[in-house]
Amino acid sequence: MSIETEKRNTGSRTWPHPEVVEDFAQLRQRAPLIHCITNSVVTNFTANVLLAVGASPAMVVTIEEVADFVHIAQALLINVGTITTIDAEVMLKAAATAQQTNTPWVLDPVAVGALKFRTDIVVQLLSYRPTVIRGNASEILALGGFAGGGKGVDSTASSLAALPAAVQLAEQTGAVVALSGELDYITDGKEIITIPGGHEIMTRVTGTGCSLGALIAAFLPVTRTAVRAASAASVIFAAAGERAFRESRGTGSFGVAFLDELSTIGIGEQLVP
Amino acid sequence: MSIETEKRNTGSRTWPHPEVVEDFAQLRQRAPLIHCITNSVVTNFTANVLLAVGASPAMVVTIEEVADFVHIAQALLINVGTITTIDAEVMLKAAATAQQTNTPWVLDPVAVGALKFRTDIVVQLLSYRPTVIRGNASEILALGGFAGGGKGVDSTASSLAALPAAVQLAEQTGAVVALSGELDYITDGKEIITIPGGHEIMTRVTGTGCSLGALIAAFLPVTRTAVRAASAASVIFAAAGERAFRESRGTGSFGVAFLDELSTIGIGEQLVP
Amino acid sequence: MSIETEKRNTGSRTWPHPEVVEDFAQLRQRAPLIHCITNSVVTNFTANVLLAVGASPAMVVTIEEVADFVHIAQALLINVGTITTIDAEVMLKAAATAQQTNTPWVLDPVAVGALKFRTDIVVQLLSYRPTVIRGNASEILALGGFAGGGKGVDSTASSLAALPAAVQLAEQTGAVVALSGELDYITDGKEIITIPGGHEIMTRVTGTGCSLGALIAAFLPVTRTAVRAASAASVIFAAAGERAFRESRGTGSFGVAFLDELSTIGIGEQLVP
């Protein structure tokens, strides 16, 4: 990290940060309808994450309906994890419609840089100006034009190593960048929010990263800024992940406990963990 | 509800209603093969619900195979939740084949009325005379030609408010209508069975509604009437939902406990809960 | 079973068999990247099984990317469970590429013999010489040219009854055949490894069979022979299944406990169960 990016670092957030508590209360009260075009591995988990926190997920994925539904939904998620020829067309139409209608949207560029087809589509999607880009270090490095070395969907670089690329990507695109890793970083190119916590076991349950993108989308309609939306989602995921790990016997019960925590955190509990 | 529809109300059912116990024993003994063409969010949960109760699910979804498999299966479910251009063709062929072969089938018209494409397909599917139509209040109101006001896949109307539409839809189509909500209603246009129970948390785990459609399909080949099939499925879901809630810490463990209850209810337990 | 096939029977394996322990340690250390083209019902569970054991799953399923990703991955799984017109093309290209690049690959011919389209595709896939074929008795009988009588995806024949067909199929194709059932058999046409264990409840949780195919793929890059890879995967599944059953209250908690066991077996425990 250069001295310049360090200077911009404007603090870290953990649960129960007052802004996050406030934003989460708004989310639960307003139950925003979130349009998810996501990968086939995580559709079920993503829907359950959104339902757990009180949002309303809807997976509308066909070319005939996608533009109409972007009009109806409060936010959109596009995740290219298992993109197909047909999906690409749907995603581009959804993103174009989101730009036209000022619907906030999150781009999750899974494995960008590793495979040409999705990389080309992601570049096109960027032109529709996502509100937030969420990715791991390899993906953010690839998007930022750095050498990625991505290995499938897992990141082989540390999130700190990719922070300069994240800042630059935010500056270039106007998007808030949510960089996931051992530490999460949220940046709009000016400020950098650091989010510690979570647990390494989260990398061994599919969909924890992808559903973070969905949760960011769910916060976008209820928070004042996209930085707050991405920060709130990351803070809640980190807290739920830490707590869930303490209750789990392995990766299966971790996934279950993670949904349990998301559905109960801050309700009927002391706000100091 | 008009006086007329009230008059038709022929009682409510809860577990262990003797007819439901009898029908469930038949289901477990005969393990019917259920052909599911359902949405991508709930395929896994739907298969696990059917396996939990002792049925045999099979998701055969390609145009080359769908007619042959309708011939093999004992019942068919069509759920339009994540319908695509290609799916629509497959669903229409499956429904047409079911009509030709007298295979009982369930239509779950997810979000009908909210989006034009699926609404058009659902109207075409209705012409193949589903045995049962399962939906929430918004969907049944939309199908019945009432103003729906559906919000994505969630219902914004109460099930009681949609009961007259359900009765009329049953009369118009010849299908049994299974109307899901805080109370479930099953009607063939003449009698109305009310099914209390379940728990509000079921609306926060994806697939509980969609897999109810699958369970109704599983009962169709083993019960004397479609009203009994839809009633048995709804009673078992309500009982499993209530019990599962008592064992759960949040939405994640609820989903797990729900499958546990479905796989054990009535086996090795007192039949009085 | 003929006397001839009995003679080839070269013993049975249970956890902790020394070769399996050694191979599993290698898998966890090397975390191979496994390219999965599998059915829509089990994508999530399959990814979670691979992550639980320490492998790295990736579902890359579009025609533009599939050949490139076969080059990147250490092994490939093709499972035809919910095959579509488009999937068929993708699977054939993946298999052809795997043969060209000497990437080991597993074919899971779900419901082969029961439906013409998938049977034709599976026959074409066989020409690309899968390293391992994994199936239940009905599927192996159908592939071996015997009368199958398959009922959807479940097997109606016993695995012992299909053992001669498995041996013959191995001889004909050069593939190792992993025949799943009450007993699992692994054969290359010369030796036969018998693997007892597991639990009947595994047939009531979707994806346990399909994810075994994925786990065999994960072992292929780290074991000396394909017989060892298939044996190791089957032994670990049997042990995890037995243990998980003891912790479960029904089919829901079984699925969770199964992943827990896969993620912890042999770590921080006595190696004698």
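Should a chain be cited, it is by its letter among A, B and C, assigned in written order, with residues numbered from 1 in that chain.
By definition in this document, contacts are C-beta pairs under 8 Å (C-beta built on N, C-alpha and C of every residue); 3 or more make two chains touch, one makes a residue touch a chain.
The structure presented is a predicted model; accordingly, all values stated were derived computationally and were not measured.
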item	value
Partner chains shared by chain B and chain C (touch criterion as defined above)	A
Angle, in degrees to the nearest 5, of the Cα rotation that carries chain A onto chain C	120
Same or different residue numbers at the chain A/chain B copy interface, by half rule	different
Computed distance of Cα centres, chain B from chain A, in Å	33
Multi-chain contact sites of chain A, meaning residues that touch two or more partners	40, 44, 86, 255-256
Residues on chain C engaged by chain A in the complex (per definition of touch)	33, 40, 43-44, 47-48, 51-52, 54, 56-65, 68-69, 72-73, 86, 255-264
Chain C-touching residues of chain A, taken from the complex the two chains share	39-42, 44-45, 81-87, 111, 114-118, 151-154, 203-207, 248-253, 255-256
